[in-house]
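Here the chain labels run A, B, C and D in written order, and each chain numbers its own residues starting at 1.
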Amino acid sequence: MSPPSQYLIVSAMLFSVGFAGAALRRNAILVLIGIELMLNAANLNFIAFWRCGAHPEALTGVMFTIFSLAIAAAEAAVGLALIIAVYRHRRTIQLDELESLKG
Amino acid sequence: MNWLDQIFVTSGHQLVSLAPASLQPAASVLLTIAAIMAVCGGCFALTTIIERKGLGRIQNRRGPNRVGPCGLFQPLADGLKMLTKEDIVPSSADKAAHFLAPIILTVPIWLTFSLLPFGRNMAALNLDSGVLFFFALGSATELAVFMAGWSSQNKYSVLGAMRAIAQMISYEVPLALATVPVLMLAGSLSLVDIVQAQGGYALGFVPRWNVLTPWGLVGFGLFLTAATAESNRSPFDLPEGESELIAGYLTEYSGFKYALFFLGEYLGLFAVSGLGVTLFLGGWRAPLPILEWAPSWFWFGGKFSALIFVFIWARGTLPRLRLDQLLNLAWKFLVPMALINMLAAAIWHLSPQWGGVFTSPPMRWLLTAAMLVFPYVWLGRAVNPRAGAKREYAYAE
Amino acid sequence: MLGSGIIKGFIETGRNFAESYFVPERLTTVQYPEEQLPPHENTRTIPFLVYDASDPAVGLRCTACQICEQECPPGCIRIVKDTTKKPDFVGKMQFQPAVFEIDISVCMGCGICAEVCPFDSIKMDHVFNLCAVERLESMLVRKERLAKSNDYFRSIHPREAREIDAQRGEEKAKAEAKTRAAAAAKASPATNPVCGAAA
Amino acid sequence: MPNNIPFYLAAAVTLGGAIAAMSLRNLVHCALCAAGAFAGLGAIYLQLGAEFVAAAQVLVYVGAIAMLIVFAILLTRGGKVKLTARQTAPNRFVGFLIVLLVCASLAGSILRSPSLQARTLALPEVTAPAQRIGENLMTAYVLPLETVGLLLTAAMLGAVVLAIREEPEARLRSEPTAQRRQALEEANIS
């Protein structure tokens, strides 16, 4: 079995990919996917730390991941509903074209 | 009796022990995979011919009877035809997704078979959260359906895929809710434990299967309905409604890829049938104490075949639903009924502790049955408001 | 109650399935090449020509009047008149077709030729196994293949054949009576120019 | 280390899917690759002994969120979006730089941490049985569970309200306008 740092490094790479995507892509849906990837990276950390932590029988990391999953589902639902609502009004979901609040 | 019951397990062990010691874990895994794939593939071939012949008999026809004795080699001929047909990919299709969709559809369904206990000690994997895994793998097929529909770049394909996804998402809810009472009372998500919990006989001869309780009967009905919809079978086969959508998301598929979709459909049917047998019909348990001498896999196979026959019977009987009827049935009837069923199961479970009249089994029976019959009648009226009214036809008569 | 109709349907189809092994009414299909249902009398496929008695060369009812050729909507009939006349069944001198061809790859089986024929000669057949490996020569049916006996016509269209036979019998009897009368008249000095050639 | 091959495979699927999801042009491809990444993570969870979380991951992410994203893409005609000039070369370079920087800083701290290096995982001892998770949810975590339930209900309602289409005729047919129209008609008649 691999040492925990392997899982953490995979998680770090996943997080950085998600972060770069969320920061640079201009499509709102892709930004949302990037955020989901970052959330997943965090979940992987929780599971890895639970697995090799001192008290795995307490299931803390697992419980946290389960709640995180539920919240991610809620976030995706609301986020995508927002994107669809924005698309109805502005006919675009390219973030650099949604600039009416720019000073 | 015991050697016959465990014949597959022991012969499997003997086969594996022939391999060198370092390769034995891999050999065991490979043998299990090969066994499951061979049995399910054989079942697939057999079911196609039995379904066609059964449908024929139901419709006063004979069905295929030309290839081989009684037409039994028809699946071979069909398979040969499918394999040798030209594989056409539309020029505007998204090649990668079009290629991957049938594979992604079939792989999760194969995986589900590793969870089913086909007999005593005959589950390939005893996962602790088996039922949840089953549903997770089932939901992965939705993505494959979307890929197939979208990558074909065909309006009918996209429409068919959208219908299929709407249907699968809607019916996943009652499917999962119908299984919840079983999980609640068995106290486990593992399929092996659920079969274990259905052991023994009440009054010495009535098996303690879940289907023989009021909540189990209702749950089984809900499960069967939702499972039919989930595996896209008639009367819920709108995604492939050929009168409206040609063949739905399969329109642009031909040759071997089409065969894979076909296979996936039947394997999905087998998977939900196996799950239904395990959850409600007592898995591999014998129906009567005096029949315990027959091997456990025989009972599983028998119940499994009976359930498949019920699906074929339903296909030959019921006309296809309209899309709004389909969604109404799911959200206005199946889901509320499943929720009430959960409540009834909880009362069934807890009523012995209340003491008094509730400890006697007939009282529990009456109480839970009453809890379920009245909502059934009431919700049935809500879902079909014109029931009993005389129909008027615009042009006929 | 919800589901009562569904159960009724299940019972009916279940009976269909189970009884199909015992009750012939529940299994109505026929295994085609081995068993064949007799075609209905009014079935029509392609036309054929009726001949009386046993020799098609003599008894062919067709008089090459070419009405069918003109009426045929797709124009699949070709008729060439013979140069000499022969006596028909009432003894009247008529032409016979030297060539009578139907291109059955063009024929649409409408039956108009049979309707317009004043001599009850062209009728619609019941044969339907008309496929061939070649599409020109074997699809062009000539007089020899078209000619079929009146017995055959009686066997496939018994009702119509009975009527026609009765009618023709009447006509023949009338013609014979006329000839007899003419013969009787010949014995007396008066002559009848119509029935010059008594059979 | 043959034991590690499944992990490397799952990690490769996860990272490859994530990178493809963030760099491909076609939005539907992006969503499908993201679904692949989510499924790969599920495999890693399964390997780590968290069966329940793995199943929930596949059920929620592949079954629900990926489908939601795909539906949103189709509803916003995102599959056929035109690329603007700004969305090309510099982006990719900057993205690579960001990935490298973030990853290097995180990986550096992970690799230098002595407590992580020392501990290795012992495989068979730890699992997360579903029964224990359920007991935990019903005892220690009952308040968070209720809160999540409330949050999900609120999110569902919010999503419906946000995404519901406002019908133009509905406003015409609404009460005050109808009254006004009736009043206007009466005025016209008189």
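Just so we're on the same page, a contact is a pair of C-beta atoms (placed from the backbone, for glycine too) under 8 Å apart; a residue touches a chain by one contact, two chains touch by 3 or more.
The structure presented is a predicted model; accordingly, all values stated were derived computationally and were not measured.
Colleague: Which chains are shared contacts of chain C and chain D?
Modeller: B
Colleague: Compared with chain A, which chain's mean CA position is the farthest off?
Modeller: If we average the C-alpha coordinates per chain, C ends up farthest from chain A.
Colleague: Mind checking the centre-to-centre distance between chain A and chain D? Centres are C-alpha means, answer in whole Å.
Modeller: Taking the mean C-alpha position of each chain, the two centres sit 6 Å apart.
Colleague: Which integer distance in Å separates the CA centroid of chain B from that of chain D?
Modeller: That pair's centroid distance is 29 Å.
Colleague: Using mean CA coordinates as chain centres, what's the gap between chain B and chain C in Å?
Modeller: Those two chain centres are 58 Å apart.
Colleague: Using mean CA coordinates as chain centres, what's the chain A-chain B distance in Å?
Modeller: Measuring from centre to centre gives 34 Å for this pair.
Colleague: Any chance you could list the residues of chain C touching two or more other chains?
Modeller: If we look for residues of chain C contacting two or more partner chains, we find none.
Colleague: What are the residue numbers in chain B that touch two or more other chains?
Modeller: Touching at least two other chains: none.
Colleague: Pull out every residue in chain A that's touching 2 or more other chains.
Modeller: none
Colleague: Based on which chains are in contact, what kind of graph results: line, ring, star, complete or other?
Modeller: Graph shape, chains as nodes and touching pairs as edges: a line.
Colleague: Touching residues of chain A toward chain D in the complex: what are they?
Modeller: 1-10, 12-21, 23-27, 29-30, 32-34, 36-37, 40, 43-44, 47-48, 50-52, 56-57, 59, 62-63, 65-67, 69-78, 80-85, 87-88, 93-94, 96
Colleague: Show which residues of chain B lie in contact with chain C when the two form their complex.
Modeller: Against chain C, the touching part of chain B is residues 54, 57-62, 65, 313-314, 316-318, 333, 376-377, 379-381, 383-384, 387.
Colleague: Contact residues on chain D for chain A in the complex?
Modeller: Of all residues in chain D, those touching chain A are 1, 3-4, 7, 11, 14-15, 18-19, 21-23, 27, 30-31, 34, 37-38, 41, 44-45, 48-50, 52-53, 56-57, 60-61, 64-65, 68-69, 71-73, 75-76, 78, 81, 84, 86-87, 91, 94-96, 98-103, 106-107, 110-111, 113, 116-117, 119-123, 125-126, 128, 132-133, 136-137, 141, 144, 148, 151-152, 154-156, 158-160, 162-163, 165.
Colleague: Would you pull the chain C residues touching chain B in the complex into a rising list?
Modeller: The touching residues are 1-3, 6, 9-10, 12-14, 16-17, 20-21, 26-29, 31.
Colleague: Applying the document's contact rule, which stretches of chain B touch chain D when the two form their complex?
Modeller: Going through chain B, the ones touching chain D are 94, 96-97, 127-129, 132-133, 135-137, 139-140, 142-143, 146-147, 150, 158, 162, 165, 169, 172, 187-190.
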